[in-house]
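Each in structure tokens, the structures are laid out below.
Shared between the two complexes below is chain A, which pairs with chain B and chain C, respectively.
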Partner chain A sequence: MAQETVSARAAGASSGRVPAIAVTGITKRYPGVVANDDVSLAFHAGEIHVLLGENGAGKSTLIAMLAGMQQPDSGEILLAGRPMRLTSPRVSLDHGIGTVFQHVLLVPSLTVIENLMLGGPWWQRLNKAPALARFAELSGLLGVSIDPDAQIGRLSLGQQQQVEIMRALWRGEQVLILDEPTSMLTPQGVRDLGEVLKRLRDKGVAIVLITHKMQEAYEFGDRISVLRLGRLVGSIEPGRRATMSQHDVTEEVIHLMFGARDKTGGEVDVLLGQHRRRADRNIANQSPRLIVRHLSTVAERGECPIRDVSFELRPGEILGIAGVDGNGQKHLAEVLAGQRPAAEGEIVIGDRNVTVGGVEARRELGLRYITDERLGEGTVGIFSVATNLVLKEIGRPPLWRNGLTLWDKVNQQARDQIRTYDIRTPSERTPIAKLSGGNIQKALLARELTETASIAIFNKPTYGLDLHNIRLARERIRDGAEKGLATIVISTELDELLELSDRIGVMFQGRLAGIVDNAGQAERQIGLLMTGAAQG
Partner chain B sequence: MDVLLTQSFLTSLIFGAVTAGIPLLLAGLGEQISEKAGVLNIGIEGMMLFGAYCGFVAAYYTGSFWLGYLFGGLGGMVVAALVALLCIRLGLNQIVIGIALTIGFEGLTALLHYVQFSRTYPRLSPVPTLAIPGLSDIPVLGQALFNHNALVYLAVLLTFFLAWLFRNSFIGLNLESAGNKPAALDAAGVSVLATRSAAVLATGFLAGIGGAYMANVGAGLFVPFMTNGAGFIGIVLAMLARGRPVWVLLGAALFGISLAMTTALQVAGINIPTDVVQMLPFAMVMLVLVIFARHSVLPPALGLPYVRGER
Partner chain C sequence: MSFVSDTRADSAVPQPPSSKLVKSTLAAVLRIFLPVLLALVVGGLILFAMGKNPLDYYGYVLNRGLFSWGGFQATLTRMVPLLLMAAGLIVAFRAGIWNLGGDGQFLLAAVITAALAPALIQVMPRSLMIICCIVVSVAVSALWALLPALLKARYGINEIITSLMMSFLGISFANVLVKLVFRDPTTTVPQTPDLPVADRLPRLFDTTVHAGILIALVVIVLVHIMMTRTSFGLKLQIVGANPRAAVHAGLNVAWLTIATFALSAGLIGLAGSIEILGVWGTVRADWNPAYGLVVVPLVFLARFHGIGTIGFTLFFAILMIGGESASRRIGVPQHYVLVLVALLLLFLALVEYLDQLWRKRVKD
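Take a look at the complex of A and B:
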């Protein structure tokens, strides 16, 4: 009896139609956190249902359970009204529930069609004919054309994602789940994706779209649900959604996401992708702090090298580097930091040519690199917060004397920095890997942005952080520039660059396709440069 | 130096190269299967040695070479099952476990042999050979290449069968995915752990047969530590072959010749110190590594345990 009423509740959520898939009262706990707390949601055929929420709101856990990757601790999943246990990815796929994960899950060394065939009966020969027929069918459904024999590694990220969507629909097209699908795409790629999703919706697919961007939620969503700290805090039904203006939707979502919190804070701006551009400052008459001329690197396996990159950077200026991930940004950051040799060209800091100098030489001239790999390259996970804060001073006075560590001084300094920069850690002796991404980033910034810094290179500084920490990191970058730091921000988030930068350079296939002044028409121009369509 | 060019010398050299190369071929093919699936199988030396011991004991008591191969293969699988349990199920470090298993089974086989045979080394009867009609009559090469134990031909056929399998079957697709992007395989509904376990068991089976061949056919007896690095040469072959079985065959032939050279030169009475001659295969390993290792491409997920949800 109890089960019936629960089912009825989920089904009754929308005008009597039976949802393609629904969760009722679902709860999932991990050690120390409740990732999903009594969440009930229904997803209907022919509807794009957007799930909005900050990092840690429980969106990814929810879809992991729908995809069969995780099992709920309590509550149940209903498929077309019937309770169903999705015990493995295969069970989900067999029921026509396909998932496109945040990171590409295709085998780069295999072809498109081989990737799609993956998961067939292992005792059989590969029979391409029926697979190609299905491929043609789905190509028509999505309205895309891809060469089925192309190697995945050679396709653009947008195309790879289209293949992922096909894979998700391969064994049935009841439910399509997409986890932050736009984070790796160009603006044009996002528009194309929107077309594909609307097409699929009109053919009767139930689409679940997960995002943390308000703009996408508004553009794509027929129904919008907001998760906060593992709970469903509210939904906008399609009927009501149709009568609301963008302003109303935004207001309501902000209210749901932030509740009684201060709505004028930076977090709302981050959510909305609004950028208060920096005031113009007169920096043109200063002599450049960093000059890069015709810089190239050597290609390595799976990496995009840079080719013939030139630019100048003045004190107090923020140069944004935009571009789809994997277009040479990593090489650019590393070659500037001195971690990677330059094959050609030169790097000048002030009036010193440092092309052949390593990390050490550049550090002494005030260059700081804040890596995107916060754990691993940026910090040593098993070392304490205190040790990580002095990682680059090891062996030098005043914290070291005669080869011995003066732990009292190291810990004292760490405690000061933890207080100054509001690093949330149980103690300065806690291994840094136990901290959240935002706090590791704070520790990194505290270590790198010292008095002696004059050039700072940030690689994806807000990647994976929650709204609060994104705002803090951006403020930190802006403050640094106000104090005269010559700054480079490499990011795949265009909004971030538009907010922070004075000028924005665009990387495309290892070249600096152009540098655009961050003013009125910048966004459009950058979008074109990102796809290689225009030369700046 | 004339003796080097006599027919009988060449025939025995090539015959010896085949005999020495077959265990390397089986080990190399086996290791290739594991590496394709993303498992660095350092324990293959232990698999060969245990296979050699089990294979010898089986052949010694039953008198059947085929049962010798079968039990050799099963012996290798026992060691492989430990790898599957410790490295794949429990995610322990593949290099540490591999070295531990190799050392462990070196000791275990030596002990078992001592308990059973004390300090004697009983010999098996001469191995039956299968002369291929027609081909075995070719001068010099005929007797060297086409008058071997039937397993030799099967091993060579296996090379081409694997090459076909890797390209044209779901097994090949699954192995490739498990080594390149295990999360993609998992998302496609295929168990990464099962795929890798099966690959490791196949490795154990092939390596075990290779060991049994080494003991029963190559030497005709079992001596502790007799594999003498053959498994490690198999690892080198698999790494250099970049996933292509035919390259393992070529590599095994090359190392087989250099191994056969050590015996042949001594038999021929060439005046080179035996220490130098015995270095030859290992000098060859280093030379080949220096020349080709820069180009070896390994699966990105090689050696990494798979845990769902981690990247």
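Take a look at the complex of A and C:
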């Protein structure tokens, strides 16, 4: 294998013109959408090729076809110049095309080497020795050292991702595709990933990197291609890329992505990760709306509990909660919402101790929780939009009388909300799962942020949304705070927190490692707290 | 499980009429009647292979179960326990709780009623006796279901397994009660004392059909209204469709689980009680009509739709009543009807699978 790698690199370097993998004139249609419209792209060995584009631009469809999960309607996939039909993920893997998806797809209870050995032929006995040899080979290639017998669940997310990369390269290292690989990582994790990718590139791997962050595109990309509405709208070739400043690259990409659209709109800011900090407002003299003292929870298997968390939140204030995913953010949100019992400590809303009260009691006091799992727990996917809009009001007047559902009123109210909040749906009776993520989020916001709300907890409010809806959601959060809503925003996107928050708390291993004022050198301080390197 | 969701979406949100609706209705009708048709055809082929004339068999079934006056009355009478059990299962299934303990719950209620009725009739008028019997039996069934309910609510233990095991225990326990506790000392066969015909549920007009059919019809309609038009029904459906959303919305999932189990078992107990008060008047040892598991496919066929269930129970009651005499006449085993039920289940699953495949293909 090692020799093969070397020869592949040599071939890539000498010929240079035959791409490791290419798509020519590829088109893929879904009912009502053309996901990829006559796209032609080449991915060369020894090159990091960044694919940029908004949600819905067709990036995911393109990699799904390269990964063998979808078949193109027309057009060809060329592997080292030869047309190839990638009919299943296994075929893709056998040809050395590996994909690392956004979320870790490893079995947490198995060890590193066991995870890598999965997917072998079922009739063969597991043979660890050759697997270990391959593991050592790939460790050298990536320049990382991981214990092959460590349980996946005990590794950091960055290390888990390195194992994912190894798995993707397990049966050959021609092409490595990464779908938004940095969304789960700390700033340090992102830097480490960059090192690994550059190393792999120098060893002759063709790397396809999908991202929606301009900064990463500039830092990692040898070649940058932009997709918009299923079409390839432009590329920056390596030759040209070398001569361009960061500013030039940014300008060109923005032009490609947004075309004639107003460049001063919020989408560009979102893309660039630029944040206009909120103006300082005088909220210190108000009495806290929410007080949390020494709050702890009990964890079930695979969860991270919170330990001894204390903070105060004033009306009109936005408290950001930063941290790498899985450091107790979920438990914090759930225990505040009343979905999860507190093991210790207390929660006070206004002057009422609500530690033992459930969701309903806290909702009555104005506390609202906008969950990150919009379909997982926020809504019942097969129920209508109308039903989901009243999910937390069931049994209460005026939509219910003596326990009887007044469906006409429920539907009428839903039609009003759909109009007011611009929820794009065929009808109020459409099952909500058929809506796009942005519109489901709009429905959730409409349900939660009613006039009686006084505290709002947002868990990853923009996760999985397109730029337009990200901007809308952030505006909504800001507007709420302006109107006096005491707000908590939990997010893994540091840019988002820096843009929205007055103060930012950092979760690390279930503790609130520190709360920093969002000013000046906050970023650096937060980065240190996120990795447990500093105590705030 | 997609067809489960279909019902829920339909009942919660009536769709506006359109050509699309006509198409989807047609598809729904096909999904329901194709398995029935296939089961009848293949069942017929099996009869043919046994050297019997399937047309004769089905002809007898129809004649006896539907077109003869006496047979039709028997069919209506048989519908009573089936409908009430279906009502109990609809409540549970729509809440995503798979109560398969129906036979145990049914039989316990039947034994309690059979033991109570002859004793109570000595001291109180018939109407009061009937009410007392029903209340106590329903309560006993609901209590019997409490154990799987608590295990599910508290520890998340799969209720399919616990309720099914409790069913075997319930059947055996009912037998023990008949043989050891409530046995009529004046008979040689172990059975409970007989409730005189005059003291049973009144008959309707001049027929042999007892008043239980009215109770059953009212109950199934009420259950349907409860599931589609009340806040309690909607809460149950949310628990069934997405338990995590139920927690998120602040519903008391544990309490709803227990309430569902109690209601479901209570309705099945009502079936047992009324079957004794209306038809048998006594329970013999080892008597077990085993309606519980045959009602399950009917409820699935009707896609948990209360009103739709009435049609399917009628169909199945005809098959049962007609099948008993048809078997005797053309000489196949009496339980041949169960072969048809099994075929029905197989084809139900098969049609469902093909439907899924077809939808997926349309989507792609």
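Note that the second predicted complex is superposed on the first by the 518 of 536 C-alpha atoms of A that agree within 3 Å, B and C clash if a C-alpha of one lies under 4 Å from a C-alpha of the other, contacts with A are read in each partner's own complex, and residues count from 1 in each chain.
One rule holds in what follows: a residue touches a chain if its C-beta (ideal position, glycine included) is under 8 Å from a C-beta of that chain, and two chains touch if they have at least 3 such contacts.
Only a predicted model underlies this, so the values are computations on that prediction, with no experimental measurement involved.
With both structures placed on the common chain, the touch criterion links A:Tyr421 to neither chain B nor chain C.
Once chain A of one complex is fitted onto chain A of the other, the partner contacts of A:Glu360 are limited to chain C, with no touch recorded for chain B.
Looking at the shared chain after the overlay, A:Pro431 reaches chain C, while chain B stays out of its contact range.
Once the two complexes are laid over each other on the shared chain, residue contacts for A:Gln124 go to chain B alone; chain C is not touched.
Once the two complexes are overlaid on the shared chain, A:Ala386 sits against chain C while remaining clear of chain B. In the superposition on chain A, no contact is made by A:Phe258 with either chain B or chain C. Taken together, the two complexes place no residue of chain A in contact with both chain B and chain C. Note for the complex: chain B touches chain A at residues 168-174, 176-177, 180-181, 183-190, 297, 300, 308-309, 311. Listing the residues of chain C that touch chain A in their complex gives 5, 8-9, 12-16, 229-232, 234-235, 237-238, 241-242, 244-245, 247-252, 363-364.
Interface of chain A with chain C (complex): residues 30-31, 337-339, 358-360, 363, 369, 371, 373, 376-384, 386-387, 391-392, 394-395, 400, 403-405, 407, 427, 429, 431.
Taken together, the chain A residues at the contact with chain B in this complex read 64, 67, 69-70, 88-91, 93-94, 99, 101, 103, 105-110, 114-115, 117-126, 167, 301-302.
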